[in-house]
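Shared between the two complexes below is chain A, which has chain B as its partner in the first and chain C in the second.
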Partner chain A sequence: MTTTVDEEVTPETSGTAPKPTKRQRQAARIADAASGGVKMLLFKLLALGIIDAIAVFAVFVLVGAGQWLVAAIVGVVAVAVNWIYFSRRKLPAKYLTPGVIFLVVFQVFVVVYTGYIAFTNYGTGHNGSQEQAVSSLMASSLERVPDSPTYGVTVVDQFGTLGLLVTDPDGQASVGTTEQPLTEVDADMEGGKAVAIDGWTTLSFADVIARTDEITELAVPFSDDPNDGAIRTPDGSSGYLYLSNLEYDEAAGTMTDLSTGTVYSDIGTGAFTSADGDELLPGWQITVGFDNFVRAVTDPRLAQPLVYVTLWTFAFALISVASTFFLGLFLAIVFNDMRMRGRKFYRIMMILPYAIPSFLSALIWAGMMNESFGFINQVLLGGASIPWLTDPLMAKVSVLIVNLWLGFPYMFLVCMGALQSIPDDIQEAATVDGAKPWAIFRLIKLPLLLVTVAPLLIASFAFNFNNFNVIYMLTDGGPRDANAPIPVGFTDLLITMVYKVAFTGQSRDYGLASAYSIIIFIIVAVISIIAFRRTKSLEELN
Partner chain B sequence: MRVNKKSLLAVGAAAVVATLGLAACSTGSGEADEAAAAGGTLTVWVDAERVDALQAAADAYSEEKGVEVELVGKDNADIKDDFIQQVPTGKGPDITMGAHDWLGELSTNGVVAPIELGDSAADYLPVAVDASTYEGTTYMLPYAVENIAVLRNADLVPEAATSFDDMVAKGQAAGLAHPFVVEQGAEGNPYHLYPFQTAFGAPVFGTNDEGYDPTDLQLGNAGGEEFASWLGAQGKNGTGNFNTDIDGDIAKQAFLDGTAAFWLTGPWNVGAAIDGGINVAIDTVPSPTAEAAQPFAGVKGFFVSSESENKVAANDFLVNYIGTEDVQLELFEAGNILPALSAAAETASSDPIIEGFAAVGAEAVPMPAIPAMGSVWEYWGIAQAGVINGADPVATWQKLTSDVQAAISK
Partner chain C sequence: MADSLDTSAGTPYREGDLLRSGAVVAGLDPQAVETAKRGGPRRPFDFGRWFRATGWRHIVALIMVAFALFPIVFVISSSLNPQGTLTGSNALFSKIGLESYARILSDPQVPYPAWFANTLMVAGITAVGTVFLGALAAYSFSRMRFTGRRFGLISIVVVQMFPQLLAVVAIFLLMSSISDWFPAIGLNTHIGLIMVYLGGALGVNTFLMYGFFNTIPASIDEAAKIDGAGHARIFFTIILRLAAPILAVVALLSFIASVNEFVVASVLLIDTEKQTLAVGLTKLVSNPRYADWSAFSAGAVMAALPVVALFLWLQKYIVGGLTAGAVK
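Our next item is the complex of A and B:
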């Protein structure tokens, strides 16, 4: 560690004012520290020390787990961080590094990984590697020989080779290994079970646990005829006679069903497939190119619902943005009026819906809108039976109402701030020139307001376009469209429909879901870019 | 050489960094050694509500066999997906708690290893062993069997009903407009209506020697259409005994308020009813026909991960330890669900509530775990909800059958 330390230690701001206020003193302290005091240096070293310790620990753990690439990345990043903070010149990097690291970990990685998954067949039945699929298929292909008894088993060892000392129900002991079929022997018995035999070492339970891998593989043939099956022990103390009905040929990459003779081969679809197209599941994960994207747009089950779901998604997002914005704006103008009493109280009341978690409020609304028992029908409307959530049209209206309730406080806050930043003298000047209030609002205030608010409206559009929470919690997309071939409903947005397509029933299709999310991202991004371009013209007002 | 204060500091800092680094690696390797010496660690994912119940068993096992058992409490809703995602990465647990209807999905994803119950299979309730078996192989060690039954307010109606109509008549005699409630929803709730459907002789799937047969859809047989007609007659345009606006909370409230005397629900709601001061009796589901009304049985149990490096210990822990009466009873006390081990079930049945559920459970059939069931769930409830709300029963039921058939053969 040859790095020298910053020399400029002279405090720059201390003692400039004869009697510094509390804030000034605080600022001076911070400036002092920032210019490289000894304490600050110590703090920096300690913080870097902790980070390095964590990095070294992580590298050891990762190397231990065989994750070489990740270990290398952690190492390189740790070295880079040290280099940046011990250097004298890298001032901008000192500010940027933490942010960049967090951005990469929490944003870039997630996006890139989603992109990668979109090109794989990851989902139910294609969950792990080929090796795992083979071992899982082989394990579940073991069938216990019908009516075969339970054998008492002791695991024994001879010069490093494991064997099973088997006691059959008649009390006869025999021993064998993977190579050597069972042969009858005389053994030391204990409680009707053979526990030890000359020439072999009996394994204790701890030894058995320590050699789990070998014992899981250990299959002792019952006789010279392989069709008699082999004895295996799942728990180290009891053995059962199994026959396997699958055979794996590693060189040819094929699985053969021994009972029917069907050959399943790896034809590049991520599962062993027979000549007539039957798949053996589990399969494994492979990259499939653009298959998921093609499926996303050509799925015949989606053809019909996709159109109206897309239209409704746009309608929902646009109406939500417009309704929340105008209600928020109206309230902001009203509460901005100096003549109103108790404005602070009202303002707090207005912000309350924003403070309650949105899925909680959506659930409460769902309860209030129940047709027969809901608060709205029963109490407010005196026993009316309005199908708030069960009629296709009413459900759409209800969703918009609830989203308005959830969304207007945000717009209210934003508009309030923006209105207060518009100087009063503009309004005075306009009034002096004889402009009516509506004209002042429409021609002066609204355009000035939009300069600051327009980007937020675009963000709000993007948010509502993917507003999963409200739909999922309030209607779950319902009422269901009984004619659609997939369980889609009349209030489903694209994002909730995708969720249903990719995750309904017992199948999880992460590849398809990722492809959809990329498509939705592209739609939203294109709309946002166009909208941002158009709002640029507003900026010329200032 | 001129040594100043700052270079001293720098050297000191370097020493601190190095020490921390070394300390980090020494702890890292130390932990690994310790675990290996003690004969391995079993990581078990457990429903967060049952961690305490299993803790004593886990400690006792560690004591006896020298295998550390680490219980990780997880939210029940996340266990299945987390297990499927994490097992292939090697980061998953050795054992997880779960339910039998996950089996199709777990096995299709290759994340579970078979379990051999051996001779002990005969010690379990038959429905529990059936449910733990998928395509002829046993994958789960069962610990509890759960099914729905009718909760009766014995203060309002002192005698059990003999049939569905008798139940409604008895309730109305007690002065209640709608004496029977069952949880439904805008998209129906076929799980709770299944007993009535089976009473008409329409199970979802036929069975073969490996269990449910996905190629033999029985849902749409003549009995199914009869059931649909009956359901329509009990719906909105009929007697109104079934109402899709009644969800779980509304049903519960009606029973607690005494406006309903019969509530078709599961053991998870008994506590609330007793706490609400209701004199609860458990009855079998009153059948609308002469046949028995068989509900679904959900069986809870433990799975071994296919990627576990400790399979021997995992199997030993499950089969020879969790499968004992004491442990099954301890789990029973935590959840109040009938134990899957016959001996434990008998002991637990000294409680009349449990005995009531066990009597219904004797008629229950395991909920199908085959992947084709996913396609059934997708359309089943919405069709039933449609029938309750006045859609043409037979036409709706036929469309349900053809939709499900199409989805299965897709």
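Our next item is the complex of A and C:
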């Protein structure tokens, strides 16, 4: 809380400022204490107290979970925060720390982590450790033990994870999921069968029907030892004990199929593989080096979509920037005339598309562009059947039209501001020298305008390069390319492709999706650096 | 136009010339000024002249207004249509009723009020947090000189080139491991989502505020300092008050961005009643079995209203903020 004049806004040219004398420092401290007030101090103590309490709690939980490294990081950060705020110096740090913590965790770290994931095989079938893969393999090769007792079963849900609430023949209830072996619990009983439990949602009959496929796949391990088998339920109401068909030999690192005698061994590909190349899935997560990148650009079924998606992403971003900019500029010129009446009214009407959240606009446009029922075909075009969103070429045109609708108000506002900020005397001077209006515009106003809007055009390019909402809400990337092994379509941008590879469809491939992300990072970074170099806008920072 | 300035060529001095050259200097059309200054009986209305001067501008304006408004008119019309389907919405304003609004608000399958509340909460807290974190950082960049300041400014620009949605896979995996230890702030929680959004707080917004803070004279701080105010008091009672317009712009831009955000929200929020409007409404209409277009339109109109109202209210400041980055 010391704020001496020397400490702040010291001109950088003066080099090392003379150190304040002891008396000066004392005086500053007294002035500070007089101004800060007890309330401020109490507030600071309270805030730091809460943060410290949370940090201590977090460290305990993390140590309990065996996460030593994360616990250490949390501890170090907490100590650093206390040191910064109790120190009488470190003034800039006091203001920067809160934002920087969020920035480092949720922006910088996740980018680095994306880089790491891109070098792993993380995804469906490879999303855990080897032990998890073993127990899940054992669980998936289960066979019902003949004449085993029947267990009462209730299907329960916690945050989207299904679990089984099992009542054994003695009436003891226990709960577990595919990953959590059965643990005994106190549950609400009804007719000798446990039906509900705190912290879990019991699935209704309709839900059970709707999620039959997931439920019949469930195998809840009986205990920590996979050789004890698991409980499965064919109908969501009664369960049976199943034993595994596979045998795991930990010392040799092999899986043996007891029925066929085939031996699957760990050959370093993240899955147990038999001699003739069959893989047992799920496998586990390993680092695979540049495999994802190599696969993305050499596997013809992946490389072809990557090429046309990349080209389309560039085309989409460039055409979007150009079309919105020229329309916005044209409108700015048209409306930049003092004699015109109602300019304010027109302006408000025309910025409405910009004010409406874009996801809503895109959804509304998707409805209007519906081929058989949409407003555009049925009313505006009197019953035409133009495949606005279902034909590969038309879908691209439609996306560009909608993005023009969404983006032109921004460019209009920006160009209007830039035009008005050009001093009038430049135009007067040109007029005096006999220049025609078109020449004035092309040779004087446009270059001046470009100087001010160029950084915004670059930003707009970067934004449209990753314009997820328009594509996803309007066409969902479709129409779908049937030849590609990933769910990619003809209007997909790179970013929607990342989302689809990672989060839709049966198999999620986090590794490949992250590799695509890294490719986008590099493209956007290179373009931005080149563009900013040319506009010299980074050099203005001071 | 230039000819009228040529008074040195022996033509006698006339008042009209002065008027016209004055008009040229002011960047106005000389004829229009002449018309305005003449007064007396008005010249008969000449359509051709009017059309060449401003009439064609009105035609352009009307075309653009039609282009800008027709989706909006369509969605308002279909939201007022008591029946459901997309086809039924095509006859604009053929029937008027509020049944669709009632349906979307009371449908037990569609927790629209919860989505609305979630969106307001997540976007509101994110906006306040973004303004606070950004203003703190901008203050230190603007008013203090320290090692690493230039590096800090540049790295904020650079980091912004990598938008969070690109790292969505890593964010999802990070949040799912956080929920293994701290379920209260992990997946499927609003706090978790807000924390992720706040990761983007130091960014373009910080730059907007930094630029604005630089325009507040440092002598104000110094005067306050001489009067005995500490740095915290200067920040909270002087800088933040003086910078209120830019704070409003940043808050609004951040609010709109969070309302619009789909990717991270759709990945982090799993339960239907925890989702935001962007996720909920998108999943609703993309479900082929959902055919109630009017109810969706009603939901869309209600969702857009607060954002549009805020936008139009703060319009003047936003336009300033949009260009402030470039037009210095």
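The rule we apply is simple: the second predicted complex is superposed on the first by the 352 of 542 C-alpha atoms of A that agree within 3 Å, B and C clash if a C-alpha of one lies under 4 Å from a C-alpha of the other, contacts with A are read in each partner's own complex, and residues count from 1 in each chain.
Going forward, a contact is a pair of C-beta atoms (placed from the backbone, for glycine too) under 8 Å apart; a residue touches a chain by one contact, two chains touch by 3 or more.
The shown structure was predicted, so the numbers you read here are calculated from the model rather than taken from an experiment.
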Exercise. Does the superposition put A:P447 against chain B (first), chain C (second), both, or neither?
Worked result: neither
Exercise. Who does A:I520 touch here: chain B (first), chain C (second), both, or neither?
Worked result: second
Problem set entry | Which superposed partner A:T431 touches (first chain B, second chain C, both, neither) | second
For this session: Look at A:M368 in the shared chain and tell me whether it touches chain B only, chain C only, both, or neither; answer first, second, both or neither.
Result: second
Exercise. Looking at the overlay, what does A:D235 touch: chain B (first), chain C (second), both, or neither?
Worked result: first
Exercise. Looking at chain A, does chain C or chain B touch more of its residues?
Worked result: C
Exercise. Given the touch rule stated above, what does A:P92 touch, chain B (first), chain C (second), both, or neither?
Worked result: second
For this session: Give one of first, second, both or neither to describe whether A:G289 is in contact with chain B, with chain C, with both, or with none.
Result: neither
For this session: Determine, under the contact definition given at the top, whether A:V61 touches first (chain B), second (chain C), both, or neither.
Result: both
Exercise. Which holds for A:P423: it touches chain B only (first), chain C only (second), both, or neither?
Worked result: neither
Seminar exercise, completed: chain A positions within both the chain B interface and the chain C interface are 1, 3, 5, 61, 65, 367, 370, 373, 476
Exercise. Along chain A, where are the residues that touch chain B in the complex?
Worked result: 1, 3-5, 38, 41-42, 45-46, 48-50, 52-54, 56-57, 60-61, 64-65, 124-125, 127-129, 132-133, 135-137, 139-140, 142-144, 150, 205-206, 208-210, 212-213, 215-216, 233-238, 240, 281-282, 367, 370-373, 389-390, 475-476, 478-480, 482, 485, 487, 504-508
Problem set entry | Touching residues on chain B, where the partner in the complex is chain A | 6-7, 9-11, 13-14, 16-17, 20-21, 23-25, 27-29, 32, 36, 39-40, 65-67, 81, 84-85, 87-88, 90, 104-105, 107-111, 113-116, 118-119, 135-137, 186-187, 243-247, 249-250, 306-307, 309-313, 315-316, 319-320, 371, 373-375, 377-379, 382-383, 386, 399, 403, 406
For this session: Would you mind writing out the residues of chain A in touch with chain C in their complex?
Result: 1, 3, 5, 7-12, 31-32, 34-36, 40, 58, 61-62, 65, 67, 91-92, 94-96, 98-100, 102-103, 105-111, 113-114, 117, 122, 159-160, 331, 334-335, 337-342, 346, 348-361, 363-368, 370, 373-375, 378-379, 405, 409-410, 413-414, 416-418, 421, 424, 427-428, 431-432, 434, 452-456, 462, 466, 468-469, 472-473, 476, 495, 498-499, 502-503, 510, 513-514, 517, 520-521, 524-525, 528, 538, 541-542
Problem set entry | List of chain C residues in touch with chain A within their complex | 1-2, 5, 24-29, 32, 53-54, 57-58, 60-61, 64-65, 67-69, 71-72, 74-75, 85-87, 89-92, 132-134, 136-137, 139-140, 143-146, 149-150, 152-154, 157, 159, 161-174, 179-183, 187-188, 195-196, 198-202, 206, 218, 222, 225, 228-233, 235, 256, 259-260, 262-263, 266-267, 270-271, 278, 281-282, 285-286, 293, 296-297, 300, 303-304, 307-308, 311-312, 315, 319-320, 322-323, 325-327
